[in-house]
Amino acid sequence: MHGIEIATIGLSVEWRTTDEEFVNGLERLVLDAKAASTLGCRTCTTYILPSTDQDAAPFMAKATTRLRTCAQILASYGIRLGLEFVGPHHLRTTWKNPFIWNLQQTLEFIDAINERNVGLLVDAYHCYTNEISHEELGRLTADQIVHVHINDAKNIPVKDLLDNDRLYLGEGVIDLIGFLQTLQKIGYTGAVSQEVLTIEPPKEDTESLIKKSAENYAKLFHAAGIN
Amino acid sequence: MHGIEIATIGLSVEWRTTDEEFVNGLERLVLDAKAASTLGCRTCTTYILPSTDQDAAPFMAKATTRLRTCAQILASYGIRLGLEFVGPHHLRTTWKNPFIWNLQQTLEFIDAINERNVGLLVDAYHCYTNEISHEELGRLTADQIVHVHINDAKNIPVKDLLDNDRLYLGEGVIDLIGFLQTLQKIGYTGAVSQEVLTIEPPKEDTESLIKKSAENYAKLFHAAGIN
Amino acid sequence: MHGIEIATIGLSVEWRTTDEEFVNGLERLVLDAKAASTLGCRTCTTYILPSTDQDAAPFMAKATTRLRTCAQILASYGIRLGLEFVGPHHLRTTWKNPFIWNLQQTLEFIDAINERNVGLLVDAYHCYTNEISHEELGRLTADQIVHVHINDAKNIPVKDLLDNDRLYLGEGVIDLIGFLQTLQKIGYTGAVSQEVLTIEPPKEDTESLIKKSAENYAKLFHAAGIN
Amino acid sequence: MHGIEIATIGLSVEWRTTDEEFVNGLERLVLDAKAASTLGCRTCTTYILPSTDQDAAPFMAKATTRLRTCAQILASYGIRLGLEFVGPHHLRTTWKNPFIWNLQQTLEFIDAINERNVGLLVDAYHCYTNEISHEELGRLTADQIVHVHINDAKNIPVKDLLDNDRLYLGEGVIDLIGFLQTLQKIGYTGAVSQEVLTIEPPKEDTESLIKKSAENYAKLFHAAGIN
């Protein structure tokens, strides 16, 4: 009615802690999947923290099994699951043991899960902090990408960028035009959601932020030659 | 408290009809699995009808995918899924196309599903109507059997036995002693449930039927040398 | 050197008969996969006959398990497996029991196999004999298609078209321009191989056939607006 | 002819290093599986080193995918794959990053691999160095165990026991009688192989070692009440 589309839902299941918490989330997952599917939403996403207090190898085994079950449930509703790798360097040591944070590792995680409806959530900020070139991004096929986040980064050394200190599109140094053009070149036709996390709550009111976002989107997509 | 144990729950999901009915059952499956697991029940079972009005090959593909999802959900709760092959000959032509009804076919179905927690529900009546020898049954390993049904058959030609015309233990012609001894020899330690289907509702009252069943069980297990 | 690329290899494993024949083919599959991968070929294909002398449901279960193993082996070499549905009506009753022959059934078979590298071989002749509209074809995503065959059909009733009586591109009645445009619209960028089966060996010499094929391809792709 | 049975073969594929080495091993795996199957051998085993120079989480993902493919190939030949956890403490820090070394972690690894023919290789030395109680071991089901190793440990603190400094049965402090009785109680009926690693090559000749082993086996099994 208002030209609004729900691009994705977050995975509500807690797949990072205990078996008990995991199974307790399955009922809600079924309800979420049903609701999303009813509303025409066909993707669900979750992020992978780059480090963990758990032992890394056993946690990877557990995560593989649990996300496989989530993927199977989602598949029953025609929903794909997108895994987001998280690039900022500080998070790689925030918890005791390194886990995974880059593109290649996430593709290997997806192979281990081994379900047909699992792919990537590609976030411009995490690509930038991983220093993924457009060439590398362009080697993906469209079907490997379930969802895309877009945002911008401050002009400071990559290794100092904080996960929760991002900028609005066009206010930073990420080559977002190249990013979008690469995604278009490989045939990605899904949604591109803005995800801007900030340390302080934004001072501008919601109305202004929406207006600014809309203008930034329009400018950026125009510059990228994408209608 | 009363020495009662819930051996198994039935799979409530409708996996034999439409995609819509299937996904509509997933919420209840999660609730069933949670309840069963809370009550210490670790198996769930479903039966496979020997024929179907659907095209047989596409139905097998669908059934494989759907039961895989059910198995994954059940596995999250530590519950195994047992598939019951159904032997009576008349059911092989009750619906338009033959599906599967014997032990070997069911093992191949389980291979196609390819989940670690899927096994057999072995029913004495279905073994008898499939003319499965104790030698063949004895080649199974205990872990392939999720649950066992026991019951007896009338003294008429095997091909004329009706699915819903079974007898109480010891009242018919099935070599139940050999059946139980075979299961014990291969190390099966799970539950053995009585399943007697009759054309007319039984005339005896519940109390008497329970008493009769208990006596039949005691006599049979004693004769089989199983305590 | 000569601008030649090997688009695909055929699956050499016999997945349609006995377990013994199947496993006997695995060694060659590994060698084929290695060779193909060395030569830069990244797809392997096999066709599904529309009927079978085997019982349909058990054969579907077996086929699912066997093609899963083939897919896993191929995946180790970065090779995808494409399944070709076969449309001509006469083959649906050539053998005793109907199996599968259309797009939807093949997608469900692929779901049952449940490996990430399995997709479709889309053949223009089989789409035509299944009366698949461009709209239906256009609902596929590019990643679901592993390989494409192109060929043409005689101007006789669809139900009378023989599998081995096909025409060269442009000599028949299939709307190949629409077919190619649909594939391009959904982003398919893989190879499109000519597959023309004829009852009699062609009378023209190889040189002429190659020349004719090249001309037909050029004319067709030009007409479809694909460079 | 001589009452000799081949209990297991080692997994020849290199699943711990590069993709290239892995795929290069697949041809031999197929040949090994064929040979083993011809000789009536139905199990294949590999060990998991407790630490690794690779990043632990990505290595777990890779290992999951690779062992799944090996398991699938082996399954085609009716062969099960047993994973051996390795207990000695010094190996947990021999390489840069901890991987997995105990029973629970290995079961979770097996869940991640998610193939029906994968289970445990249970080794008495690794149970002892993990301080696995007979009660914990007894909670396994027989089908979870693909193969068993038996050997003995020096009377020094558990944390100082070296992987390659084991003793012959009955010469050390492991309660092997309890170990065997536990395995029998849960219904394990497979082979129990002796695996004694020593720092120096044994000084006794092969003949004597075989004789000693046979006597130790006889004595131990007799003491355990297993015929």
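Letters A, B, C and D mark the chains as written, and numbering starts fresh at 1 in each.
Here is the rule we use: a residue touches a chain if its C-beta (ideal position, glycine included) is under 8 Å from a C-beta of that chain, and two chains touch if they have at least 3 such contacts.
Note that this is a predicted model, so its numbers are computed, not measured.
Following the contact convention of this document, A, D is the list of chains adjacent to both subunit B and subunit C. Distance from the centre of subunit D peaks at C, each centre being the average of the chain's Cα atoms. More C-beta pairs in contact connect the chains of A-D than those of the other pair, out of A-D and A-B. As a whole-number value, the distance joining the C-alpha centres of subunit B and subunit D reads 35 Å.
Between subunit A and subunit D the centroid-to-centroid distance comes to 40 Å (mean Cα coordinates, whole Å).
Centre-to-centre, using mean CA coordinates, subunit A is 44 Å away from subunit B. Multi-chain contact residues of subunit B, defined as those touching 2 or more other chains: 68, 111, 114.
Here subunit C touches subunit B in the complex through residues 55-62, 64-65, 68, 97-100, 105, 108-109, 111-112, 114, going by the rule given at the top.
In the complex of the two chains, the subunit A residues touching subunit B come out as 19, 22-23, 26-27, 30-31, 34, 37, 66, 68-69, 72-73, 75-77. Across the complex, subunit D meets subunit B through its residues 110-111, 114-116, 141-144, 187, 189.
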